[in-house]
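Here is the structure we will look at, set down as C-alpha cells.
For reference, chains read A, B, C, D, E and F in written order, and residue numbers begin at 1 within each chain.
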Amino acid sequence: MAILHTVNKSPYEKTSLESCVQRSDAGAAILLIEDGVYAALAGGAKAELVKAALADRKVFVLEPDLKARGLADQALIEGVESVDFDGFVDLTTQYDQVNAWL
Amino acid sequence: MAILHTVNKSPYEKTSLESCVQRSDAGAAILLIEDGVYAALAGGAKAELVKAALADRKVFVLEPDLKARGLADQALIEGVESVDFDGFVDLTTQYDQVNAWL
Amino acid sequence: MSEENDGKKFMFVNRRAPYGTIYAQESLEVVLIAAALEQDVSLLFIDDGVFQLTKGQNTEGVGMKNFSPAYAALGDYDVSKLYVEKESLEERGLTLDDLQHLTWEDEDDDWAEKDSIRLISRDEVKKLIEEQDVLLSF
Amino acid sequence: MSEENDGKKFMFVNRRAPYGTIYAQESLEVVLIAAALEQDVSLLFIDDGVFQLTKGQNTEGVGMKNFSPAYAALGDYDVSKLYVEKESLEERGLTLDDLQHLTWEDEDDDWAEKDSIRLISRDEVKKLIEEQDVLLSF
Amino acid sequence: MKYAIMINEGPYNHQASDTAYNFCKAALDKGHEIIRVFFYHDGVNNATRLGVPPQDDRNITEKWVALGKEHDLDLSVCVAAAQRRGLLDEGEAQRWGKDVNNIAEVFHITGLGQLVEACIQADRLVEFGD
Amino acid sequence: MKYAIMINEGPYNHQASDTAYNFCKAALDKGHEIIRVFFYHDGVNNATRLGVPPQDDRNITEKWVALGKEHDLDLSVCVAAAQRRGLLDEGEAQRWGKDVNNIAEVFHITGLGQLVEACIQADRLVEFGD
C-alpha cells in the first residue's frame, strides 16, 4: 500500500504538515493544497519539512492554489512537482488510499 | 498601555501562542482559553512558551475550559493563575485593551 | 481485511482536541454507524487527538455537552481497537493513567474484559495507516 | 490619538493567509467602513498575514474571487499605514519586491505619492500594538 | 464598563459562541454594559431560528435569544456576511427574491458600520473566533 | 474509478468546498464516477438555497446544483449535522415544527449510514475540510 496524503494548512500556522511528514511512510506521496502550498517555497524557513519528506516520498503541489496566492514565480523546493486538478485526480488513482491532514 | 491577549488554540496544533509570546510587551497579560489551556500544562513539551512569557508578563488560564478538558488535576506551570468567567471579565477591565490571537 | 470481519478496514484518525471544535464529537457518530454496518473499525489518536480520552471531563462551567462517556460505550458496539500514539501522549506530559480506562469484552475468550486502548509508537502508526482501506480524518 | 485624526486608533491585525479562509477578504470590508467613519486606521501584517499582499495573485484556476486589487484601493480611502513585519516576511522567504507596490497621496505634501507599506521589526510591532485603542484580529 | 463583542464562528462547530455567551453573562451579572454583540463571518449562523440540536445538548441560538431578551441586548448580524451564507430576515428575503427567511427573534441584520460604531463607543472590544 | 467525497466546511469561510468542487469536476471530466458527495459538520451549510453572494463572486451552492444536475450526482447532507445547524428540508421542518425549510434543489438530507455506505462502495474517499 502507498498512501496519498493531502495537507491544506500553512506550515507556519499549523502543525499538520509536520505531523504528516512524521507519520507518512516511505513510498507515500504528499500533495500540498490550499494554504498547504506555502510549504513548497524554497526560501521559506519551513522548507526543511518538505525536504525531509523528499528523501523517500514524492511531494506535489497544486498549481492553481500557488497561482491564486501569487506564488507562480516563486522558486519551489527542488523535487516538488506541480499538478493541476487533473493531476490531483490522477494521483488519487495512482496511490491506494487518500488521507487528509486537516 | 497594557494589553490583555487571549489565546484559544493549542500550542501543539497552531502557532498562535508562539506568535503572541513573541509580540506581547512586558507588562501585558496572556489569558489561555478554549484549546489554549493546553499550553498551561507543566509537563508539556510546549511549556517553555508560557515560561518565557512569565518572565515579564502575567499568564492566566480559564478554569472552566481546563475542567471541561479533564485537566483540573493536572499540574500547571508555576506562576500561571486560574480564573473563571468572572475573572476573565475582571481582567478585561484591569488591562487597557484586549487582543485575540485566533 | 481483518480475520474477524468481512467489512473494510475503517480507521478514524483523531488529531484534534475536544470542545474547541466539534470534530471529535461528531466523528464518534460515524464510528458507531461504521461499527453497526459491520465494518472493521479502529480509532487512531495522535497529536491533540489524545486529549479526547482524558478522564474527569466536566463541562458544567462551559455549558457544553460532555460527550466523553461515549468513548466508554464504544466497547459495547464491538469497537475495541483504540490506538494511542505514545509520543503524542509524552509530548503533552500525559500518561495512560490520565486517560479513561476503556474496555471491551472478548466474545472469543469467554467474554473476558480487555483493554481497548493500545499504546503504539510513531513508527507503528506509520505502518498502521498504510494497512487501512478507508481513512477518515477529523 | 493620532495628530491628524480625532477618531480612535483602529488597528487591524492580519495573521492569516488569503483564500484558504475568508478572514482576509472580509476584514477589508471593516477597514473601509472604519476609514469612512474617519477613524485613525492602520493595518498590521504578521505571520501568514504577509501573504495577503503578494503581487500577481490569479484565482482563475481555483474559481474564487481575486480580492487582492482591494489592497491597492486602500490609499483612495486614506488608509495609508500598512505595517509589514520584517521577520515574518523573511521567515517565508519573501522580500518587499514580492509584494504589491501600494501607495497613497499625501494631502499635506501637495498630493505627493508615498508608499503605504512600512516595513517594521518585531520589536516595533510590540510597541505599535500597545498604542492602539481598538485591536481587530482576523 | 462598556463592551463591544464580536463573534466570528457559527454555533457548535467552534467553541467561540459558547465562550462569548459565558463572557457576556458574567459581564452583565457584574453590572457592565454590552453595547452590541456583533456576529461576523460564519458567526452569522448563530442567528438561525431553524436549528434543532439534540435534546441533551444546549441550544446556542435560544441561549442568545433569552439573554438578549433579559438584558435588552443588541444582537447584530452583519448583512454582507449573512447574505453570503444564507441568513436572511424578512426584508432581505424580499429584496433578493427568496421565498423564506430564517432569522431568529431578537437578532437583527445590520451593516458593518454598527461594528465600528460599537468599537468607538465601547471601552473594550472582545473578540471570539477560530 | 469510484469516489466518495466528504466536505466538512461551509461555503466561503473555508476553501474546502471550492477545492472539492474543482476536484469533482476534474474527476467527472475524466470519466470517473462519484458515488456520493457527503456534506458533514459545517459542510451542511453548502446546501442552503438562501445564499446571496456578491454579484462579482461565485455562488458555491449554485455551482454544486449545476454540477449535480449535469452528472446526476448524489449530494447528501448529514441529517444530524444539519439539524444542529439549521439546514432543513420540508420533511425535517415539519417534523420539528419549523415554519420553513431552506435546502436547495438537488441536495437531500440523509443519515450518516450513507457516508459509510459510500466509503464501502467507493475505491477512494477524498476528504476536504479545515
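Simple rule for what comes next: contacts are C-beta pairs under 8 Å (C-beta built on N, C-alpha and C of every residue); 3 or more make two chains touch, one makes a residue touch a chain.
Keep in mind that what you see is a predicted model, and the values were worked out from it rather than measured.
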Using C-alpha centres only, name the chain that sits farthest from chain A. E
Which chain lies the greatest distance away from chain C when centres are computed from Cα atoms alone? D
So, what's the distance in Å between the C-alpha centres of chain E and chain A? 38
Where the CA atoms of chain E average out and where those of chain F average out, how many Å apart are those spots? 26
Just give me the whole-number Å value for how far the CA centre of chain B lies from that of chain C. 29
Which residues of chain E are in contact with two or more other chains? 8, 12-13, 15, 19, 22, 41, 54, 57, 80, 125, 127, 129-130
Residues of chain D that touch two or more other chains: which are they? 19-22, 47, 62, 64, 134-135, 137
Residues of chain A touching at least two other chains: 8, 12-13, 15, 34-35, 64, 84-85, 97-98, 100, 102
So which chains actually touch one another? I want all the pairs, not just one. A-B, A-C, A-D, A-F, B-C, B-D, B-E, C-E, C-F, D-E, D-F, E-F
Given the complex with chain F, which residues does chain D contribute to the contact? 19-22, 62-65
Taking the touch rule as given, give the residues of chain D at its contact with chain B in the complex, in rising order. 13, 15, 46-47, 122, 125-127, 129-135, 137-138
If you look only at chain A, which of its residues touch chain F in the complex? 6, 8, 33-35, 64, 84-86, 88-89, 92-93, 97-98, 100, 102
Seen from chain F, its contact residues with chain E in the complex are 10-13, 41-42, 45, 48-54, 57, 61, 80, 83-88, 92-93, 96, 98, 100-102
Interface residues, chain E side, partner chain C - complex: 12-15, 18-19, 21-22, 54, 56-58, 63, 130
